[in-house]
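Letters A, B, C, D and E mark the chains as written, and numbering starts fresh at 1 in each.
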Amino acid sequence: MFPFSFEWAWDIGHMVFFGGFWYAVSILGAGMTFCILKAAYDTMNDSGDSHH
Amino acid sequence: MSEIENKTENGSTESAGECTTGDTKDDKGLGLGVIFFIVAFVGCFLSGTLLFPKLLYSKKEQPFNFDHALHVGEAGDCESCHSFREDGSFTGIPKLDTCLDCHSEEALGETDDEAVFVEEYVLEEKEVPWYVYSRQPDCVFFSHAAHTQTAGMDCVTCHGHIGESTSLKPYEENRITGYSRDIWGKNIFGIKKHSWDRMKMDDCAECHKKETGHKGYCFQCHK
Amino acid sequence: MKVDRRSFLGLGLGAVAGVAVSPIGMKLTDDSSIWTQNWPWTPVPVDGEVTYENSVCSLCPGSCGLSVRKIDDRPVKIEGLAEHPVNDGGACLHGIAGLQYLYDPARVKTPLKKNGDKFEEISWDDAIALVAGKLADLRKKGSPEKLACIADKEQGSVSGLFQRLLKTFGSPNFYTMPSLESYLEVTATALHGEGMTIGFDLENSDFVLSFGSGIIEGWGSPVNCFKANASRKARHAKLYQIESRLSNTAANADKWIPVKPGTEADLALGMCAVILKNNLFDGGATANFIGGFNKLAIMIQKEYAPSKTAEITGVKASDIEKIATLFAKAKMPVAVFGKGRGDGAQSLKELAAVHTLNCLVGNINKKGGAFVQLKSDYLEFPDESMDTIADAGFAKNKTGRYVNQLVEKVNESSKPVVEALFVYNANPCYSLHDSKSVKQAIGKIPFVVSFSSFLDETAKEADIVLPSHTFLERLEDVPSCAGLAKSVVGLTKPVIEPVFDTKHAGDAVILIAKALEGSIAESFEWETYDECLESVAAGIWDSLSEDGYAIISEGVPFGSVAVNVSFLADNPATVQARGDYELTLIPIDNMRLINAGIAASPFAIKTVSDKVLKGSDIVVEINPLTAKGLKDRGYATLTTPTDTARVMINLNEGMMPGVIGMVEGLGHTFDNKYVSNKGINVNDLIGPVIESGSGLDAAFGIKVKISKA
Amino acid sequence: MDSALIPEGAKRCSFPKFAIGIAIVSAVVLWGVFAMFLCWFKGLNQTNMDDYYGFALWIWADLAVIAVGGGAFFTGLLRYIFKIDELKNIINFAVIIGFICYSSALLILAIDIGQPLRGWFIFWHANVHSMLTEVAFCLSAYFAVLTIEFIPNILENRQANKVPFFHHLAHNMHGVMAVFAATGAFLSFFHQGSLGGVAGVLYGRPFAVREGLLIWPWTFFLFTWSAAAFGPCFTLLVTKITETVTGKKLVKDNVVHLLAKISGWMIVTYIIAKIIDTIYWAMVTAPSLGFTLSHFYSNNGFYGYWILITEIVLCGVVPGAILIMKSTRENPTLRLVAIILGTIGICLNRWVMVLQIMAVPVMSFDTWALYFPSWQEIATTILPVAYGIILISVAYRYLPVFPQEQELNTIEPVSKTE
Amino acid sequence: MKQNNNKAHKFGMVIDLDKCTGCGSCMVSCMSENNVPFKEDESNKKDSITWMRVYKLTNGKSFPDTEIVYMPRPCQHCGGKGDHGHSPCVSVCPAVATDYGYDTGIVSQIYTRCFGCRYCMGACPYHARYFNWWDPKWPEGMENYLSPNVSPRMRGVVEKCSFCYHRYQAARDTAYYEGRDDIEEHEYQTACTTACPAGAIVFGDLNNPAHKVHQIVKPDPHPDPRNKHVVGKSRNPKVFRLLERLGTNPKVYYLSEREWVRKQGDNYLDGEWDKIKNHHGAASHG
């Protein structure tokens, strides 16, 4: 799963498979991090009535 | 989550909303939250790192102390006691018979430990129930011959400088797995500095990869 | 500073984050999976030094050499011993599974005494004193002949000790269970004279004509026979199998000749007729015939002409002629008898008829033929000292000729004909026909002592059980005399200290003898059995102890022997199966089961096909033509004149129509869930049929009715 | 009692009535949970699986729920990537159904493996050449996507949405949902396919093996395509059931018709591909290994040609035809028949691709293996259904799942509670 | 190390079905060598663990033309398509709990790695893989005969024949200790081979022309011209492999004089056998 785990090999199979996987995971991670941070920012800067 | 409760309690959702917004601006409250966060974080992290291993491992004292340094001095080398059998298998911890090659019912030295050895084991003809620090689980096959005879490795690479020790450290057993702590390594994060700090599969594989170019197939190390 | 919810939130989040960053999660995940890899209830075998010890198997008369692998003091694996004269490397599954007998928790762990319906544990001293006391009473009453003993065999020192005890006690009533050896002797005695026995040179014969002998199903010395059979192709030798079922031997043979069950004797005589008619016999050999060769020749030609034989046996006349001719013209032919394993019921007519084929073609004591010679006796017991009671008792007639007659007499008589019975290495309550009546007979005997390692069917009926060592815990001579061309004695050696509080049966006998005092004790001068063996086997002891075996005789015996044909010349009647039903039930021998006293091991039972045993149901083989409405894997009820049983059906094209086959060796009732209460004992369904003239139980099967259950 | 949580303006049944309904279904859940613990503590001997039937009811259930859960990824793909805006009215529900399906699949997998505590080895010691590894990775990653897609809907709960952070979070997540949906579609494509690959790569099993493109056997593509085709059928079916149970119209007809039409065309294209695949396999692949088609459909008590015909014609061609024709598609009864048949068809396909593969003898002297699941297997397979019912009920009651609900069910103002 | 090189072993087996008596010694020897457990009822053969299973084959004819033959079936240690090491079971294992040893040709495994998904069992057409549906339990005291050379498997994992790899390890240990490079043919023999009373099983290195197994099988090093996935077809017309056409490339070969037995080794369309039956590796390469 990781380059340091026992089964890892720097071969095409691992790179394609885990390339795809980590790519997807990082998009999800980045997307969620963005949303959460932005939500926190929005909450901080909320005037309190913009949405109510 | 707590906000929801709060609002429900208050009944009036509108006012509760305002109240919450007001709280957000309360720097003191936030500061306290942060302090609590940090305290809890540090507390839990430290207990996970320091206290947890104490709980996870039980300490067991060896039947009596054994002075490796002294014995190596007398016998010459590791192989004198930790020997191979004729079929190439490894004896591991010596049996009482091996000890009796030198020892007898008369103590050779003057230590209390030897007195215990003679009285409780030699005279009773009982094997010493040593705890083995480097005992691998049942699923592991390990050929000492392949490593020391053919590959020419020394004992220290895996076992460290136990041969130079004068006393035996307590044996620490993982309460869940029953493994010796030396397999995972002293460091709870699994970080190692020396080749003998850890005896997990990855450590075998690392060396195999380096020395043979291949980590090996299942049965090479498993049975 | 106000501690509010937010603080708690901070505390909670901090704790979660702190734990998450700490190694707890990673370590617990790893450790929990490692825990599953080392479940405390999964045993971890202890490692140690590997050593090998040689011994000999005594589970069957085959007497194969064994190599026992040990880890320190612990035997862990049994294998065949390479270069042993009997088996040279291979071993049968029962021997290999020997350790399952050794460590079986169902073994009798200490002497037992029956109290009402239950057994209670007693000490060895008490047990021996009790047995000796009962026997002493019997002697005091002046009827020592009412002590009987049933053992597995006559040969060997332990059997010798039992015989010696009976003799010095004053009883002629020593019996053995029917076995291939006993039939070989019965045949040899009838045809060649007292003290002779027969062996077959299967390893060298180029034409083996087997009358139902399970050459690869446990007949004789199984592994030796397997090897002889396996080398057949390389030797260009042929095997013709005459049998009513496509057994493994039949399947492996060059030709399978299906025959109506129980007519093998007629077929053999039919073949004799062809040989006689076409002058294919060996003139020189027939010169040795005594007891009326001409009478025999005339009778055979008259009664067993091919067409007539064909009618009786169901084998085509042309086939009979062809096979008889092939047999007579082969260079080194041998006709083999003893159906199945050779230890089931056999008629002397069949044994003699088949052996007459050997005698006719003149292959006696020739390479690849049948070897007729004196029984080897390698043991030399010192002379017994007999007191007057012993002399008087021993001089009396035996209660019955064979064990089945003993059983019959006990059951028939209102007075106790047997007051005390020893049973050693035998399980008559399981192995003899109509086991119910055998149990009844044993029950009538006031004092029964069993020398068994297991609480088997007979031991359960005993009053005292004196548990004996398994073959892995004892020293003993094991003669191999199961129809082999050579005669070998092996030495079983203890490979481990006794696991339970058991004794060598030989030691137990010596202790009983000593407790009986007087002349009996004098006849047992040895302190231990081991000492006894070394002295009585002194002639071969060096070889036994050094090589683990001693070869008593090897190679083609010298000289010709007389052939007495008087038994056959009278044309004794062929034994018929009991009952009036349409179909015939025959027992099947299966290499993976044991039909002697002991049950097959859990491993052996595990290998048994689900077409033999399914759950606790026994599966019978039947030809689809005979089965009529019965479905494969369906249930049916078998009814014989003796008993009825519920069975599962296996439609099998390898079964002769009209015949139903049921495996032997199932239906044990030991207290061992891995091997017992599986299927039924075929001997429950078959009643004995005594052959007039020989006195043998010759019930090859029984008539049976089958109906849907 | 719980009115503060119910979406504003929505009418829901009384809480006691709701609670009783939930309690009844919960009893079923408990039964399943009991069976699940039996399997965990006593091991898989609680099932009727054996060495011939190592893959059985559970794997079928896994494949089936994932296939019918395919409606989520496909609807998401259409809504967020192809911008078919009408589908926003059903996307929430499709996501919830998908969430239920995938969480159920993961739960069943956790019961199905012999060593649940070592289940993480599939990730840690991954063998990238195994289709099952691909399944595990994509499945869990896609489950994460579904969770992400589900979260905004949860945060739209009347009370949750009042928390500014949650409100903003939901808002922001909506904003980047297309990215998540695209990732989800990518992951879904691979795991639906690799589930097909699980069977297709078994070259020791002539009933399963297929040729293919590079490392992917044809079943890889067929599975993806069929999940996309039949998934929406299931979404529509559950919507229909929900409408029936609640007695309310929840999604407008034009939305239903659109999704049905898309599904119909997908089914038709899929079934053509499936027929070609079947013919090629029957005429070329299997015979090259020494098997005739009849070998796979005779000499046993269950698997006959009927299963092939039912799967392809009755539950493939027929629903496809109904859904592509406007007149039949817009006939509520026929449409219902079609989506039911379609759902059965996809489940039957997964059954064949798991259980029949195990049943067919391969060695010439081997025999057909038939099997009937134990009650523990059945209970744990029903468990997710019951759990799904509960989750849908709760979601429907407390979340604004159907944007068109209020419009379609103009109701008298709700009296203020408490 | 990825590909078979000349130095690598390729351990294989040839079983003479004409010699096999169906006695079951191989099964029991295997079970006792490898700590295989047993349970109360083993008559359901679909959940009974016997690494070596002996099948009974019949020619399907009716009395009295019926014939039977016994076929012992250990793990076939498939080399996979083209003999590249992608055995049906190895390539599907999601956790690399089983792999192909390119140095021995043995399909090896780690029981403690297996998490019991059973995909390998689904992939194996020979039913050579067995799942531990139950905890292995020995009657009290019987665990004393367990061998330390093979670890007992826990409930919930798959196991199979290993060609007694521990015997190979032990032989190699001796060789290492004695300073030898390699082991002799007789030093490494499986438990079933040594147990067989009929001598029907021959075991050794298929790559080594000095070994008996090579001499009987005469494996064709070239791919079968009719099926490029098949490598190592025997050039002995009496020798066949099970399901050879699938391209699994087993290392267990069978020998029989009887045509009907050889035919049952694989599946054939009507009339196909008559065309194919005399076609052997040697024919295509002279």
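Keep in mind that, in the parts below, contacts are C-beta pairs under 8 Å (C-beta built on N, C-alpha and C of every residue); 3 or more make two chains touch, one makes a residue touch a chain.
On a predicted model such as this, the values are computed, not experimentally measured, just so you know.
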Winner on C-beta contact pairs when B-C is weighed against C-E:
C-E
Centre-most chain [mean C-alpha coordinates]
E
If we define chain centres by averaging CA atoms, which chain lands farthest from chain A? Would you check?
C
Centre to centre, by mean C-alpha position, how many angstrom separate chain A and chain D?
26
Where the CA atoms of chain C average out and where those of chain D average out, how many Å apart are those spots?
62
What whole-Å value do you get for the distance between chain B and chain E if each is reduced to the mean of its CA atoms?
39
What's the distance between the Cα centroids of chain A and chain C, rounded to whole Å?
74
Multi-chain contacts only, two chains or more: what residues does chain A have there?
5-7, 43, 46, 48
Residue numbers in chain C touching two or more further chains are 32, 35-37, 44-45, 47, 50
For chain D, residue numbers touching 2 or more other chains are 115, 118, 121, 124-127, 129, 133, 164
Contacts from chain B onto chain C in the complex sit at residues 2, 6, 23, 28-30, 32-49, 52, 56, 85, 87, 89, 91-92, 137-139, 174, 176-179, 184, 188-190
Spell out the part of chain B that touches chain E in their complex, as residue ranges.
84, 86-89, 137-139, 141, 143, 145-146, 149-150, 213-214, 217-220, 222-223
Name, in rising order, each residue of chain D that touches chain A in their complex.
123-129, 133-134, 137-138, 141, 144-145, 148, 164-169, 171-173, 175-176, 179-180, 183, 186-187, 190
Would you tell me which residues of chain D are touching chain E in their complex?
43-45, 49-55, 112-116, 118-119, 121-122, 124-127, 129-133, 136, 198, 201-206, 287-292, 295, 357-358, 362-366, 369
Considering the complex alone, what residue numbers of chain E touch chain B?
1, 97-104, 106, 108-113, 149-152, 162, 165-166, 169-170, 172-179
